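Structures for review follow.
There are two complexes below, and they share subunit A, which is joined by subunit B in the first and by subunit C in the second.
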Partner chain A sequence: MTTIRASRSAEARGHAASFARLAGTVAITLVGLAALTFFIGRVMPIDPVIALIGEQADQQTYKAVYAQLGLDKPLPVQFLYYLRDIATGNFGVAISTGHPVIEDIRRVFPATVELATLALIGGVLFGVPLGVAAAVWRGRVVDHVTRFLGLAGYSVPHFWLGLMALVVFYAWLGWIGGTGRVSLANTDIVPHVTGMILVDSILDRNWGVFRDALRHIVMPALILATTTTAYLSRLTRSFMLEQLGQEYVTTARIKGLSEWQVTMHAFRNIGVQLLTVIVLAYGGLLDGAVLTETVFGWPGFGQYLTSGLLAGDMNVVLTCTLLVGVIFLVLNLASDALYRVLDPRTR
Partner chain B sequence: MRSSILRSIACVTALAAIPVAHAKTPADTFVVAANLSNMITLDPAAVNESFTAGVMRNVCDALVGVDPDDAAKLNPGVAESWTVSPDAKTYTLKIRKGLKFASGNPVSAEDIAWSIKRNLQLNLANAQRLREWDITKENVDAVVRVVDPMTLTVSPTRPWAPGLFMFAFTDFRVAPVLDRKEIMTHEAAGDLGNKWLATHSACLGPFRVGNWRPQDIMTLDRNDDYWRRKLAMKRIVVRHVPEAGAQRLLLEQGDIDHANDIDPADFKALERNPNVKIDYTPSLGISYMMFNMNDPRFRSPKLFEAFRYLFDYQGLEATLVKNHSEVRQSPVPLGVFGALPKSYMPYKLDIERAKKLLAEAGYPNGFSAEIAVLNQFPYPDVAQHLQQNAEKAGVKLKITQMIGAQLFQRARSRKFELYMAGYGFNYPDANNIMLRHAYNTDNSDKSNDTISIAWRAGWDPGQAFNDAIRAAQVERDQPKRQAIYEDLQKKHNANSPIIYLFQRLSVNAVSKDVKVFKHTLVGDDYSSIEKR
Partner chain C sequence: MSAVRPTLRAWLTADEAQSATQATLQGLWLGWLRFLRNPLAVAGLAVVVLLLLVALFAPWIASHDPYEQDLAQRLKPPSAAHWFGTDQVGRDNYSRVVYGSRVTLYIVFLVAVIVGPIGLLIGTIAGYAGGKVDAVLMRVTDIFLAFPGLVLALAFVAALGPGLVNAVIAIALTHWPGFARLARAETMIVRSSDFIAASRIQGASAARILARHVIPMCIPSVIVRMTLSMAGVILTAAGLGFLGLGAQPPSPEWGAMLSSGRRFLIGYWWMPTFPGLAIMIVSLAFNLLGDGLRDVLDPKSE
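On to the complex of A and B.
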């Protein structure tokens, strides 16, 4: 009995220690990230005071605002003040919007999550089957087509693609909505619950707004999905080729299994690797897609971060960088957890 | 399971693919597409960006209005009349009776005096607009006084020319009419309501800010009790569309009424589109380049003169900046009191002459330098044009493009060699321009007048120049004042390291359904809009 209790408590201590290690790693990573961003940001030749007061304010105002922003203090002191503030949940006010950064992020992030999620779904739906097909029919037409699409997906600029899509599908054909998340008539119609208009309109059962939102999101999501498709198809192809060259595949073929069964067997074995790259792709999409968001007037995270950067607005840049760091940490932890489900060897 | 997923995907795809006829904007709503990235605050004491100022001018009336058809003429505003004492030392303004803010509070002289003082106490972007008239935090109580609830007196420290000083009251950033009682209920930590006013309006004007989500959308709602006229538009909606190409598409499709940022390359195509009307009016913006005289290499007026011959002004006007800018070879924009006539164009492209002048300036073999350029059209293109011509004259220029916050910091700290950007003036009188571009009483690095372009260029125009500008400020004979400015501008061209290139045009691209939409030298007038 005592032995069992002792072993349980040792196990609990082990869990606590590993949790503490994890928390410590996370904290060090985030502080390191904040420090790096802060010091790089401060040596950038962009003056946040000018962004705030404009070119024409005089020196008296400049000096007063410079001091108000705390820029007269030494850099390490400014950084410590910043850490103290974020420890108490105060991420400061954004110069570029006049709102608390946290409030802004609550507003812009759902727009990006909505876009990124659809783009990821599109990327997985197109990219993975294409990659598998390219591996199975290596050197055949489908492989060449996949390679071409992959190259195009990487190299065609989203900015150009977005404008062309607007010209063709919005201006000529009228199949999609223009810029923004919904048409003017549908702005602020559904109650804000998640901030994702597709979800909010479903919750509100407002199918008119849902349809309008879908017509607005479909094109930017597809354009973002081109890169994800390219990325996933290339990697899926290479993972599959590696598996298809394994001895167990040869054995399966000798046993007389159909090509479909062999492919599915190999596909199951690339699940873990594929999951990692899909998770990383999602992280990349959540960073915000500046050019796509700009062309489609999408009020998302990418645009917010960029305008903060161009204004030398360190509160915005730091908070956004920390958020991106947290996203990657969470996604990595989530993919680790999913490994255990998918691959019994890692349990 | 699989079939239900497929069915759902098919339904969603079908829903999205149904083409819908493009709706026109509602008849009582005016929809604008603009880049709202720089719309930081709506507080009149802090607004520093031109588009925001243009929008807020339709929300916050100034004490006195500028005539939309003649910028030199003033119209009654919230002040229905004014008198000037014979010695020009006291201005008495009578406030229009019966005006009420959205809160229901009556408008009084106390609100206006408070608004002016608030501007100086906050000491934000627009405090200098008052200090420009020698009204400071220290003397404002003596200068601006409330006589009774409907009467305000302003006693400036100098007897400004009345034709000039009245312009101080035409800018809502100098003399706004703010709802003092309402704002003070939102005061936080002694900020005089600055934080609240960043996202709200408490002014008196044709419209009121309804909703504003930064970098997304802004709506202005009609003030039904507006005193000046009955307004046709119930609502103005400004949508954030950062990309000029997307703005054009929205305008052509009829989804917006006005595109604020059209790419000059698109003007021609839009002119041919029967659904769009496009017109060009002069603005108060100019384009210029300057040398930094703090660099000992750049001190000879011959050098500056040489560069004045390195631009093909007419060629650029006919091609690159067509419908975007017009040639202007003097500081004061056309349409502004004190401007030289349109025919004043002493310079044209003459590379041989430039070479000769360079040799006389001590550069027979040219030199190499960096030109810092604002990364917006047309500056990088004009800089390339200069680079090519300069090369022919033996000068090697390296072009470095920068965003505003970076470039302006370089100018403010005088850390540049050559510089090219634009400048927007505040009110249509030559004083504003000369004060910024030709007045510099302390050319040392310690000077506090970092706002002066003359100081930034390290140009000391000399006592006579500074005195003439001060004398013009109090010259009550308008033709004499005009003559002073004309003379100063010619001398400016002969000596200064600042080279004037163009005057910007305000390009207004609207849907054909917009019947009336007036633009003045100081901005768009939403209260004038009528639609079919």
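On to the complex of A and C.
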């Protein structure tokens, strides 16, 4: 009894220690992310003071603003100020919109989440069955087709695919809506609740707007899903091959189970691995969204970033970069945690 | 010829190699034979070689001057005179795509030349030194890897200003950590082997061991990784060009061509079609080639 309790408390100490180590790593990485964006902000040739007050301002104003921005302080002190600003959510004002960057991001982010989530669903629905089929019929036509499609999915420029889709499905066939989230006539009709227009139109029971939004989102989501499909089909294939080579599969076959039953048996065992890579894939979608949104005029995070870039608005660029880095970090941690919680072997 | 080849082949397939050179060449020959068995990889190699040839002989392959404008001939569909049609100022799209291969190769080559040595050096030093050096260097790569590639490249270009060279620097800055990780992992495997211990006992310096023994062991996997990342490099470069942050007009860079073709999308299908196809084919070729090389150089992965 006592030994059990002792081992439990030792285990708890072990957990606490590993948690502390994890927290330390996360903290260092967060400061590192901030340091990198701070560094990028410093190498920038544009003078932040002139960007703020214009070139006509006199020497005195310049000096005042220079000091106000803390530029007269040594770099490490400036970095500490920067960290303080981040911690308090002060990311400056976007020149193009005149609003604080953080407010802008809160406004545009739901559009990206909507797009990326739909793309993720698409990627899972196409990629996972393809990968399973490729593993089951290894070396056959399905396998080669999957391998080729996977590589093609990695090789095609999204923005080009988007342009071509607009030419074919919008201009020629008229099957999909054009750029933007809804047609002009449907803009700002449903009340803004979640910021995700598909959800908002359902909440409002406005099926006209819902259909219109669906017609607009389908193509960018599908195109965004190509990389995810490629990625998931490849990983599913290798996970499945690993399982299909195990002895329990042979046992199942000897028992006389059908190939379908054997496959389902193996598939159940790759669930946890799949879930963790799907979580990671979500981060990749944010990266892909930058160009896809630009092509489809999708008013999300990616378009906000590129318009900030083209305007030379460093507050926008750095905040977006930092945010994406933090989201990546969180997704990585979530993926790790999921694996630990769900896979009994890691307990 | 026929008298030479059988003996050369016999020399390459002899059961016992007589010299180190022969052993190396035999390994390469066997790898080549294995590579030839993968038709997709051979196709990838063919396209990459074709790209090299097109870039090299661009003036002879192109039908027009890629910069010559002819406003009377603007936005004409593909014809016998202009195979890929003409653009908004009457330049020949085919010739521009041909010359664009030079820009693409320039980017790919520069990125490889920057990223390979930096990644190898940092990775092998971290892996060989271990301890604090390793911890610090790997933390730095972790931070770079925490950002998705395109977003970080965008941030760098925003800071450095648009342009082809800056785009190359930005892409290189986002790509080296992957190579450092790879080289570190390989170094960790080699580090504890007997031949490294032997040369250390003989008094070889760390620098010499790294240069003569560790780095050569990392080269095959770095080459595979390099070939595969070139596909991503081409896509990122084209994406930067498309956003107007990479190569600047009137450069016939494929991404920049797509960007200017974007305004003439509806009704002028040839404008976006050909540069986009070029990007996809070349990127796919690097992916196929890298995939095939991995099967040959690193049989474990299959």
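One rule holds for everything that comes next: the second predicted complex is superposed on the first by the 251 of 347 C-alpha atoms of A that agree within 3 Å, B and C clash if a C-alpha of one lies under 4 Å from a C-alpha of the other, contacts with A are read in each partner's own complex, and residues count from 1 in each chain.
Basically, a residue touches a chain if its C-beta (ideal position, glycine included) is under 8 Å from a C-beta of that chain, and two chains touch if they have at least 3 such contacts.
Since the model is a prediction, treat every value here as computed from it, not as a measurement.
Based on the superposed arrangement, let me know which partner A:98 touches: subunit B (first), subunit C (second), both, or neither?
In the superposition, A:98 touches subunit B alone.
Contact-wise, after the overlay, does A:65 reach subunit B, subunit C, both or neither (first, second, both, neither)?
After superposing on A, A:65 lies in contact with subunit B but is clear of subunit C.
Taking the superposition on A as described, I'd like to know which of subunit B and subunit C A:167 touches: first, second, both or neither.
both
Under the stated touch criterion, which partner chain does A:294 make contact with: subunit B (first), subunit C (second), both, or neither?
In the superposition, A:294 touches subunit B and subunit C alike.
One more residue to check, A:179. First (subunit B), second (subunit C), both or neither?
The first partner, subunit B, only.
Pick one for A:90: touches subunit B only (first), subunit C only (second), both, or neither.
It touches nothing on subunit B or subunit C.
Could you tell me if A:41 is touching subunit B, subunit C, both of them or neither one (first, second, both, neither)?
So A:41 only meets subunit C here.
Touch test for A:310: subunit B only (first), subunit C only (second), both, or neither?
Both partners, subunit B and subunit C.
For A:276, decide between first (touching subunit B), second (touching subunit C), both and neither.
The answer is neither, since A:276 touches no partner chain.
Check subunit A for residues that touch subunit B in one structure and subunit C in the other, and list them.
Shared contact residues on subunit A (touching subunit B in one complex, subunit C in the other): 45, 163, 166-167, 171, 294-295, 310, 312.
Over in the complex, which subunit A residues touch subunit B? Could you list them?
45-48, 50-62, 64-65, 95-99, 104, 107-108, 163, 166-167, 170-171, 173-176, 178-180, 183-185, 187-188, 211, 214-215, 218, 294-297, 299, 303-304, 307, 310-312
Quick check: in the complex, which residue numbers of subunit C touch subunit A?
40, 139-140, 142-144, 146-152, 154-161, 231-232, 235, 238-239, 242-245, 255, 258, 261-262, 265-267, 269, 272-273, 275-276, 279-280, 283-284, 286-288, 291
In the complex formed with subunit A, which residues of subunit B make contact?
12, 15-17, 19-23, 25, 29, 31, 33, 37-38, 40-41, 46, 48-49, 123-128, 131, 195, 198-199, 211, 213-217, 237, 239-243, 245-246, 249-250, 252-253, 255, 403-406, 408-412, 426, 447-451
Which residues of subunit A touch subunit C in their complex?
28-29, 32-33, 35-37, 40-41, 43-45, 147-148, 151-152, 154-157, 159-161, 163-164, 166-167, 171, 283-284, 286-288, 290-291, 294-295, 305-306, 309-310, 312, 314, 317-318, 320-321, 324-325, 328-329, 332
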